[in-house]
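Across the two complexes that follow, subunit A remains constant while its partner is subunit B and subsequently subunit C.
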Partner chain A sequence: MKIDVRNLSKRFGNFVALKNVDLDIASGELLALLGPSGSGKTTLLRIIAGLDFADGGEVYFAGENAANLNVRKRHVGFVFQHYALFRHMTVFENVAFGLRVRPRRERKPEHEIVKRVKRLLEFVHIEGLAERYPDQLSGGQRQRVALARALAIEPNVLLLDEPFGALDAKVRKSLRRWLRDLHGELNVTSVLVTHDQEEALEVADRIVVMGNGKIEQVGTPEEIYNEPANSFVFDFIGESVKLPVRIENGGIWIGSRRLATNDELPGTGPARLFVRPHDLTFGEVSEAPLQGAVRAVRRVGALSFADVRLDYGGDDLLVEASLPPETLVRPGDLVGLTPRRYRIYEDGAAESLTSAAL
Partner chain B sequence: MTFIEATTNRQAGFGGAEENSGPARRSDFAARAPRGAKANTETLPVRILLVLIALGFLTLFIVIPLVAVFLQAFSKGWTAYFSALTDPDAISAIRLTIIVAACSVAVNLFFGLIAAWTITKYRFPGKTLLITLIDLPFSISPVVSGLVFVLLFGLQGFFGHWLQDNDIKILFAFPAILLATIFVTFPFVARELIPLMQEQGTTEEEAALSLGASGLTTFLKVTLPNIKWGLLYGILLCNARAMGEFGAVSVVSGHIRGETNTMPLHIEILYNEYQLTAAFAVASLLALLAIVTLVLKAALERKLERKR
Partner chain C sequence: MPPLSKTLRFREPSVIPGFGLTFGLTVTWLSVIVLIPLAAMILYASRLGFDQFIAILTAQRTLNALKLSFGIAFAAAIFNVIFGLIVAWALTRYEFPGRRIADAIVDIPFALPTAVAGIALATLYSPQGWIGQFLAPLGIQVTFTPLGILVALIFVGIPFVVRTVQPVLKDLDPELELAAASLGASRWQVIRKVIAPTLLPAILTGFALAFARAVGEYGSVIFIAGNLPNISEIAPLLIVIRLEEFRYADATAIAVIMLFVAFIMLLIINRLQRWTEARS
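This part shows the complex of A and B:
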């Protein structure tokens, strides 16, 4: 089902959780709401579900204003952050709950309920756990029960609030892939809230990056990663190195060295250069716009990183640059660094002045 | 973990008045026992002395008085005991006590649930004040609680004239006794539920609603099963206090024999008239009630602990 969010606002006391948020969710897509804590992503999800109410704005389910539909009538499958399983009921009864509480004339006969629950438990691969209680399950198993319970009511939309937040890294990874496959099979419109960019980038069709109650960017994972709309998104997604630079006479200056000339650059003044660690190439000290001494070399899995202390006109700045496999540096070496792909943001402004690939 | 919280809070709430052996303490003890044994540096005589002091104190202040009540009650044989209990005034007192206790438990169950629900599931201004106010009947002397109702409904009170004009009798009659008892026993159910429900949060209810359950279904199938043992516990304590309440009831009852005397008041009258055997016979009933309450409470606690 298609969901449209129009001009949504919400405040809790003095805290503004959402500011005039507009968002179109296409039917059948898996959308991730990504942002740091306090960015309003969970509030947006709860308002879509009908668990919270907006101060202003509307939510449309398939073009129909949902203002008069309470959470009971919206038919949303909500998966809570800590699962919220009914602790006094078995796994079977948890999944059957949504089918049993229907008004009598809509309720299915008992044997159909049993059949449907069994099928769902098989679907999420926990058919052997039907008679267990939630506190006898592992985190990953609980998550599967929560999902089966939400799917039992054949929801119009599946809403997941930090579904993997409480799991350890390994389980998380396998569940992520599983969710992706599951969504491919069911094709139910799904909205996932997460603060984990890796999760969003891996699972979602589209990502909505949120910050301070506003939507900063909406796009596919590739767009978000490769073309961050502003400094907030650049900083939040992936690793980033920030360097203070100066714009002068149509050029970008790092200290006394010119990085590039660009006639489109307006005016004169301080700005910030954002670059990914893997977009910093090592080079000759005399030619590269940045120089510094290697402080330490670290291996993280298959990758190597060098911490380089930049001599920055008196100010020291420690940056982390990824080392190409063939490059050999030792702590103490003097190296040159060149930003290959970067973006320049004017101080105080979010919009990118320019982006360049050298 | 839930019940550790609840028990600790309850003890704090009740000032640890009548017991300090909740599940929390017990499991604490179990966890520390092996280490405690190693760290035990007292010599044998000291240990024996400490145990003797503890046992002696318990015997002196709890066991002996309890035994004395029953000994006195039966000092003139079974016949005297039963005739004291079957005396019309005694029967009337017992009946009144049971009715008052049943009514106040029912009322406090209802309002205690509402108060706990409101406090734990909603956000509103003045919440902290409300939580504090719930404890008021515990911190105030029962005599004062009784006097409040005299001030309200007595002839010189706020509603006194209006009540007299309309020929409604509250003070020195059943309504005042019931009101005073409800007031004194109000905190038990609410106090028991608030920490429990706070700990459990609202997400299970939200999950039930999102799955299409109505408010009533959600309460009956999700909330109630989660709080039922705590609720029973609160009812038990509320009932025990309602039956045993003396101070507040004494002020508002008017001590009319066969009409407005509850069991504790009846016992006092008998005692003042030097009918010791009869006084202790009725008292033994109340003591028996206390023992039954304690046994049930222990059983409930074990149940709570096993659930954890």
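This part shows the complex of A and C:
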């Protein structure tokens, strides 16, 4: 089902949790809401589900204003971060709950409920655990129960609030893939809240980056990563190095060296240069706009990083640059660094002045 | 490989020290304070012949007193469960002016000397009293009837239910209710299928405590009950009367049977509680 969010705002006392949020969720897509803690992801999700109420704006379910639909009528499958399983019920009864509470006219006969629950348990691969209680399950198993329970009501939309937040990295990874496959099979419109960008980049069709109650950017994982709309997104997604620079005479100045640019830049003043660590290339000390001493070399899995302390107009700045495989540097070496792909943001402004891919 | 034999051990190895000390103290303490006096009482009663014991228990006055004591204590505990739940609900779920004061008032029956409570209730509910004057025209007589006993026992029992249910209600994850609602449950279904089962062990505990307290209550009841033999005379009072008549054997026999019945009822409630807890 298609869901449209229009101009939604929400405040808690004086605190503005959501500011004029507009969002279109296409039917059948898997959308990730990504943002730092406190950015309003849960709040937005709860308002869509009807578990909370907005102060302004509307939510449309398939074009119909959902204001008059309470939680019961919205048919949303909500998966809570801490599962919220019913502890006094078995796994089976937990999953059957949504089927059993239907009004008598719509309720399926018992044998159909049993059949359906069994199918769901098989679907999420926990058919052997039907008679267990939630306390007797691991975190990953509980998450599967929570998902099966939400799916039991054949929801119009599946809303998942950091479903893998409480699990360890390995389980997260496998559940993530599994969720991706599952979504491919069911094709139910899904919104996944996460503050783990890797999760969002890997799983989602589209990503919504939120910051301070606002939507900062909406786009495919590639767009978000390669073309961050503003400094917030650049900073939040992936690793980034921020360097204070100056715009002067149409060029970018890092200290006393000018960065080679293709076009002339307007204006004069301080700005910030954002660059991904892997877009800093090592070069000749005498030519590169940045120089510094290698402090340490680290190997993380297959990649190596060098901590380079930049001698930067009196200020010391430690950046972490990724080392190309064949480069050999040792702590103490003086090296030059050149930003290959970067963005320049004027101080105080979120919009990018220029970007370069050399 | 040798088979792993699972033997029942009294003491499991534990990293937490102090088992010996605390267990020893528990046994000693319980013995001195509870078990030895009770044993002495049973010993004393056992000196009565069996026939004599039965004769005392089946005397009309004894039977009526026992029936009254247990029956009304049970009714009062039921009342307290219902209203105690409502009070606990209101105190935990809603923010209203005077909530803290209301919360404090709940404990008053714990603290007030029961005789004071009895006199106050008797005055209020007498046909001339503040409340009694409205009941009298309706033909409802509270003082000097079993109804009066009920009022007194409800009064002394209410905090037990409120104080056992309240913390559990407070800890109840609101997300459970939201989850149930999002799955299509009506408010009533949420209460019946999600909240009630979670609260049940605490409700049973509250019931057991309120009931136990009501069975043994003496001070507040005797002022409002009128203590008419066979009508509004409770068993604890009958024991005191027998003692004053120097019929110690009679007093002990009644005490033993009260102990026995109370023990059985508490045991049943305890089982029920275990059962409900085991399911969660």
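Please note the rule applied: the second predicted complex is superposed on the first by the 354 of 358 C-alpha atoms of A that agree within 3 Å, B and C clash if a C-alpha of one lies under 4 Å from a C-alpha of the other, contacts with A are read in each partner's own complex, and residues count from 1 in each chain.
Everything that follows uses one rule, which is that contacts are C-beta pairs under 8 Å (C-beta built on N, C-alpha and C of every residue); 3 or more make two chains touch, one makes a residue touch a chain.
Being a predicted model, the structure only gives us computed values, none of them experimental.
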Fit or clash - subunit C, subunit B, common subunit A: clash
Partner chain(s) touched by A:H82 [first = subunit B, second = subunit C, both, neither]: both
First (subunit B), second (subunit C), both or neither touched by A:L51: both
Partner chain in contact with A:Y133 - subunit B first, subunit C second, else both or neither: second
Contacts of A:I247 with subunit B and subunit C, given as first, second, both or neither: neither
Which of subunit B and subunit C A:L201 touches, first, second, both or neither: neither
Superposition clash, subunit B against subunit C - the stretch among 8-16, 26-34 or 44-52 that is involved: 26-34
Overlapping contact positions on subunit A, where the subunit C interface meets the subunit B interface: 49-51, 71-72, 74-78, 80, 82, 84, 86-88, 97-98, 101-102, 149-150, 152-153
Residue numbers on subunit C that touch subunit A, as the complex places them: 173, 175-176, 178-186, 189, 193-194, 197-198, 279-280
Residues of subunit B defined as touching subunit A within the complex: 203-204, 206-214, 217, 221-222, 225-226
Parts of subunit A lying in touch with subunit B, wherever the complex brings them together: 49-51, 70-72, 74-78, 80, 82, 84-88, 97-98, 101-102, 149-150, 152-153
Complex contacts: residues of subunit A adjacent to subunit C: 49-51, 71-72, 74-78, 80, 82, 84, 86-88, 97-98, 101-102, 133, 149-150, 152-153
